[in-house]
Amino acid sequence: MTQKDATQSAGLSEPERVELLRTMIRIREFEDMVGESYLRGHTAGSMLHLSVGEEAVAAGIVKAMAPEDVFTTHHRGHGVFLARGADPMRMFAEVFGKSVGYCKGKGGSMHIADIQLGHMGANAIVGANIPISLGGGFSLKYRDVPGVSVAFFGDGAINQGVLYESMNMAALWKLPVVFAVVNNQYGMGTRVDQASASLAFAERAETFGVKGAEVDGMDVEAVYGAADALLRYSREGNGPSLLVANAYRFYGHGRKDPSPYRTKEEEAKWKARDPIALFRDRLVTEGVITAERSERIGAEAVTEMEEAAAVAVTQADPAPEELYTDVFAEEL
Amino acid sequence: MREIAYREALREAIYEEMEQDENVFVIGEEVGRYGGAYAVTRGLIKEFGARRLVDAPISEASTVGLGIGAAITGLRPIVELMYVDFVPLAMDQIATQMPKLRYMTGGQLKIPMVLRTQGGTGRSAGAQHSQSLEAYCVHTPGLRVVMPATPADAKGLLKSAIRSDDPVVFIEHKALYARKGAVPEETCTIPLGKARISRSGSDVTIVTYSRMVLIAEEAAGALEAEGISAEVIDLRTLSPMDMDAVSASVGKTKRAIVVTEAHKTAGMSAEIAARITESNWTDLTAPVVRIAAKDVPVPATHLEKLSIPSVDEIVDAAKTLCGE
Amino acid sequence: MTQKDATQSAGLSEPERVELLRTMIRIREFEDMVGESYLRGHTAGSMLHLSVGEEAVAAGIVKAMAPEDVFTTHHRGHGVFLARGADPMRMFAEVFGKSVGYCKGKGGSMHIADIQLGHMGANAIVGANIPISLGGGFSLKYRDVPGVSVAFFGDGAINQGVLYESMNMAALWKLPVVFAVVNNQYGMGTRVDQASASLAFAERAETFGVKGAEVDGMDVEAVYGAADALLRYSREGNGPSLLVANAYRFYGHGRKDPSPYRTKEEEAKWKARDPIALFRDRLVTEGVITAERSERIGAEAVTEMEEAAAVAVTQADPAPEELYTDVFAEEL
Amino acid sequence: MREIAYREALREAIYEEMEQDENVFVIGEEVGRYGGAYAVTRGLIKEFGARRLVDAPISEASTVGLGIGAAITGLRPIVELMYVDFVPLAMDQIATQMPKLRYMTGGQLKIPMVLRTQGGTGRSAGAQHSQSLEAYCVHTPGLRVVMPATPADAKGLLKSAIRSDDPVVFIEHKALYARKGAVPEETCTIPLGKARISRSGSDVTIVTYSRMVLIAEEAAGALEAEGISAEVIDLRTLSPMDMDAVSASVGKTKRAIVVTEAHKTAGMSAEIAARITESNWTDLTAPVVRIAAKDVPVPATHLEKLSIPSVDEIVDAAKTLCGE
């Protein structure tokens, strides 16, 4: 290890930091590309929720995860899944409704899953993935596997009662469950403070016996640091934890939503803290990478995503018989 | 007569009822500032303010419960659930509270409340945003269930639902919002519980409701070209069901097809078929044909369309029925 | 007003204090009597949940309520309803399944209601009354009525998600809703700390924007004082509040439950703080009433309840046609 | 053969399956220390400890969700809901997650999970503790639904349900727990999806399940005295339904009565009647008779009994059917 490799931030080595940047850029490019495909009519479904602006949350938390960990996401979960190692072609294919998609095209953007990668499923019902992740944590502990179960959900899900039921159960049995709140400030057109009377989410978690923390969701290393601490805490048998990561969705709720409910000033303020630009600039300033290298990473990501989308779009639709398969594991 | 879209017809109904009764209010996710996920309540907040167009947090169970408590104490809530797929989140309030409180309290509690929602396929949004869950509600005594197919019915039935002193589950269809149709300018209600003969015919009766009325109409058109005269009955209200209208039609045609976008097993198609069989046993020349969604979760992608009834299926069934 | 009348405790006059004692004794006698009737087979239903031991909570909170207030209760709601002014005969009749019962016998013990008294219904689904009471509060504010809406529920309901959804909504719109937690230490056989990882319920409420307080539920004046403060707060437009009243159920979950899940020592400890005895002794010590008068109140209550039960038991069952009535307000 | 009670048969099934598979565990309110509200799991915590008999807080939705997550990750949960009336509280997990996750993920997620609950009338506990909600589940593709009537079936079917790789809703009946019946000593499973001829007969087929099997048997006994030979079919599994068995019987008797304790409209009686009509059209001498609970919330008090099917109703219907 060279001297330079040993320079660390939030405990990360230089190569790790670069990879984190690459992850964020790849997410951004995937989302932009899938959004464009959507506008061009390539997607099968009519709903597409992009996580642009939230890359630091996805990359930072997933970085703190171990191979044996499991997770679920909400409907805005592409970023998390990509960070976890998803194959973009199969993701595009799923969104396009193709048979080589992660779910054979039967799920679409809102139901992507890959049990091999510990992805127990994106979920289109706000909050519904939370108790399922609770069960993942229960199972890890029951089977004595040293993993954690992470539930990713939005600020909107904060008001679904199952969150509190699940926090209580996780705390009661000291389960390795991490509640990851991707607070992008809005649930559709409703600003978080228009839906939640109190924003003291981390303190609230503590009153359920859940360790709570809040973090700047635009700073990937801050997210990683906070997530790493909480995941460690939960992994080591201390019980559940909750992380609120404050970010912003740069697109509307769906790809076509012009977001008339928020001001241009607010958007500009948040976009000025673009998590990718912030981190890239930091790495450049600290001499970890050059501007050129960062641009190369960007260009590579563009190529990767273009190619993946191009391959996906030509794939076959599921055969009509697929309508009837996968309902049950066993026929009776 | 002027033509307006289904969503505008609904909006007019809400507007008119809110204007004439101060106790009517709307609550639901995104119903106010945003104007509704399907734009039904667009603009109403400007007229009535946030007091009467209440943007709810994503808390379906408690939002419906709020409506019940408000209804008990004299208001006339219109609670919107953005998708019928979210009915299960509030199912205790919808099935165990709203329809039972009156009975359990010996008639003391009145629940004049409308639960507006929308369902069906058409956006390839996958199994959690494309369902047709009317049977859950029709199977629950104490609920009225309404599913309009046309703008005129949407308006007239919603007005009646809002005026009803009983809980009404009012299920719109996502693929109908933009469809236009003639709607009278003057205020008029359409009574709950009455079917509509959408098309007259003499050879076979097609009983259906909501968007499947369009499919049935299309099938009837195709059948006409082949010399088969189909009568299409739009039930409009599923609970209670207008069996007089259905029976009279089948008494005439001797053949019946039931079409639903909902899953087949233990759904509305079974109930309608069973009732027709009971009421028109001696008329029927063959068993009632049920054409319903396949018993699989609704797939995303192009499979979605294969999962629900098609014009061809109806045409084939009618030809077979009439061919004997 | 005599000098003596002016002597007050928790702001209550002497006659009020005596009435509070009488209310508690009447609840106790009703519950004992209905329990006996149950054992004798007079009740129609098989479920009977008695509030013996919780009289101070019912009497104290209801004392703080105004005529325009509305409320719901859980399945253990006889005491609250009696404190509110229910006619014991019609309550017995309801529990016995008679047509003169509050609900014509169709509801039974778990569904008693009297909209005249603002009682929006006992509810047999744990937690389900909470959002209904939220709606009562919404309606009061909407109609500009200066009342509050009180939801009575047990420690078991603390773990139903609707509580948190409802607290948030009540806080968001500053509704006059009071969440009254009758913490009798058990939900069936489960001790409160076996079901709830954290017992910081009042603090938890605060993180939802709900004013929280906790009180000794065996001390009726303490309960009244705390409830009065919270109801005032909520009545005056400050938003919702939550009161945790710690008490104990002296019987089992149902009348026949021998409560094998709790120790005799624990029971004895709580019974030593019998809320009726505590308050009676205080009033006697303070010279507000004599022991004789308190016994007379007891005897009167016994007679009242015996007579009410005797009348109720001879009433007619609902006619068979009643099966079909009250489903809808309007026939179609 | 030894006779044991229905609840003991269930307990044996759970015991045996837990013993042979470490991944089987039970979670629900009061299932551990208390031993279950209806004593089904009594004593099991002593054998298996609190790790495998998990007392859940009163959080039905999340408890079912926990089961789903545990099932996805390799365990075989038995989740108990104390009453079927609490199914609506967890309805999103039961109807929108448990049965759809496998399909939506293209077969990736396996949900080997049993949701045990109990329903029906018999305790005069009012509309919120006396329901029969099987139709909600049967109408939802992706669920198996089982409702045993006898101790032997309770044991054998529960064992099969626990071993199934698919989600099974297993609905017991509160009025059957104490009933005794012959149950083989040796381990034996009963396959899901197969009906049982509970009584052979030649004049009329009575199709039913769960506690109504007893009522049907009683009616069959009474009918025998009047010279009418009734065949009683106990469906046992409602999803999928064993139509081969039903059809064969009706093919023989030409007459069918369906009896359910669930409400009539849009419930199981409609589906069974519709299927029989479809499969046995040419056999039937009269429309299938549906005898079901009245479409009113279940009342407390003595009215409860009037709300559900009676022996007399069945006898009368059979006599009318056979009298023509």
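When the chains are written out, they are named A, B, C and D in that same order, and each has its own residue count from 1.
Quick note on the criterion: a contact is a pair of C-beta atoms (placed from the backbone, for glycine too) under 8 Å apart; a residue touches a chain by one contact, two chains touch by 3 or more.
What you see is a predicted model, and the numbers here were worked out from it, not measured in a lab.
A.B. asks: Write down the chain pair in A-D, A-B or C-D that repeats the interface of B-C; the criterion is over half of the contact pairs matching by residue number.
C.D. replies: Within A-D, A-B or C-D, the interface duplicating B-C belongs to A-D.
A.B. asks: Please state whether A-D or A-B has more C-beta contact pairs across its interface.
C.D. replies: Taking the two pairs in turn, the one with more contacts turns out to be A-D.
A.B. asks: Please tell me the distance, in whole Å, between the geometric centres of chain A and chain D computed from their C-alpha atoms.
C.D. replies: 41
A.B. asks: Quick one: chain B and chain D, Cα centre-to-centre, how many Å?
C.D. replies: 30
A.B. asks: When the centre of a chain is set as the mean of its C-alpha atoms, what distance in Å lies between chain A and chain B?
C.D. replies: Whole-Å distance between the two chain centres: 37.
A.B. asks: Can you check how far apart chain A and chain C are, centre to centre, with Cα atoms defining each centre and the answer in Å?
C.D. replies: 46
A.B. asks: Among the residues of chain A, which are close enough to touch at least two other chains?
C.D. replies: Residues 105-107, 111, 123, 125, 159-162, 165, 168, 172, 194-196, 327 of chain A each touch two or more of the other chains.
A.B. asks: For chain D, which residues are shared contacts with two or more other chains?
C.D. replies: In chain D, 57, 59, 61-62, 85-86, 89, 92, 96, 103-104, 126-128, 141-142, 295-297, 299-300 touch at least two other chains.
A.B. asks: Could you list, by residue number, the parts of chain B that touch chain D in their complex?
C.D. replies: Within the complex, chain B contacts chain D at residues 85-89, 91-92, 94-96, 99-100, 103-104, 126-128, 135-136, 138-142, 239, 262-263, 265-271, 273-274, 277-278, 281, 286-288, 290, 295-297, 299-300.
A.B. asks: Which of the residues in chain D come into contact with chain C in the complex?
C.D. replies: Touching chain C: residues 29-30, 33-34, 37, 55, 57-59, 61-62, 85-86, 89, 123-129, 294-297, 299-303, 306-307 of chain D.
A.B. asks: Within their complex, state which residues of chain C touch chain A.
C.D. replies: 159-165, 168-169, 171-172, 194-198, 200, 203-204, 207-209
A.B. asks: Using the touch rule from the top, collect the residues of chain C that touch chain D in their complex.
C.D. replies: 44-47, 97-98, 105-108, 110-111, 123-127, 156-157, 159-161, 187-190, 194-196, 261, 317-318, 320, 322-324, 327
A.B. asks: Which part of chain C faces chain B closely enough to touch in the complex?
C.D. replies: Residues 70, 72, 101-107, 111, 113-115, 120-121, 123, 125, 128, 130-140, 142-143, 149, 161-162, 165-166, 168-169, 172-173, 325-330, 332.
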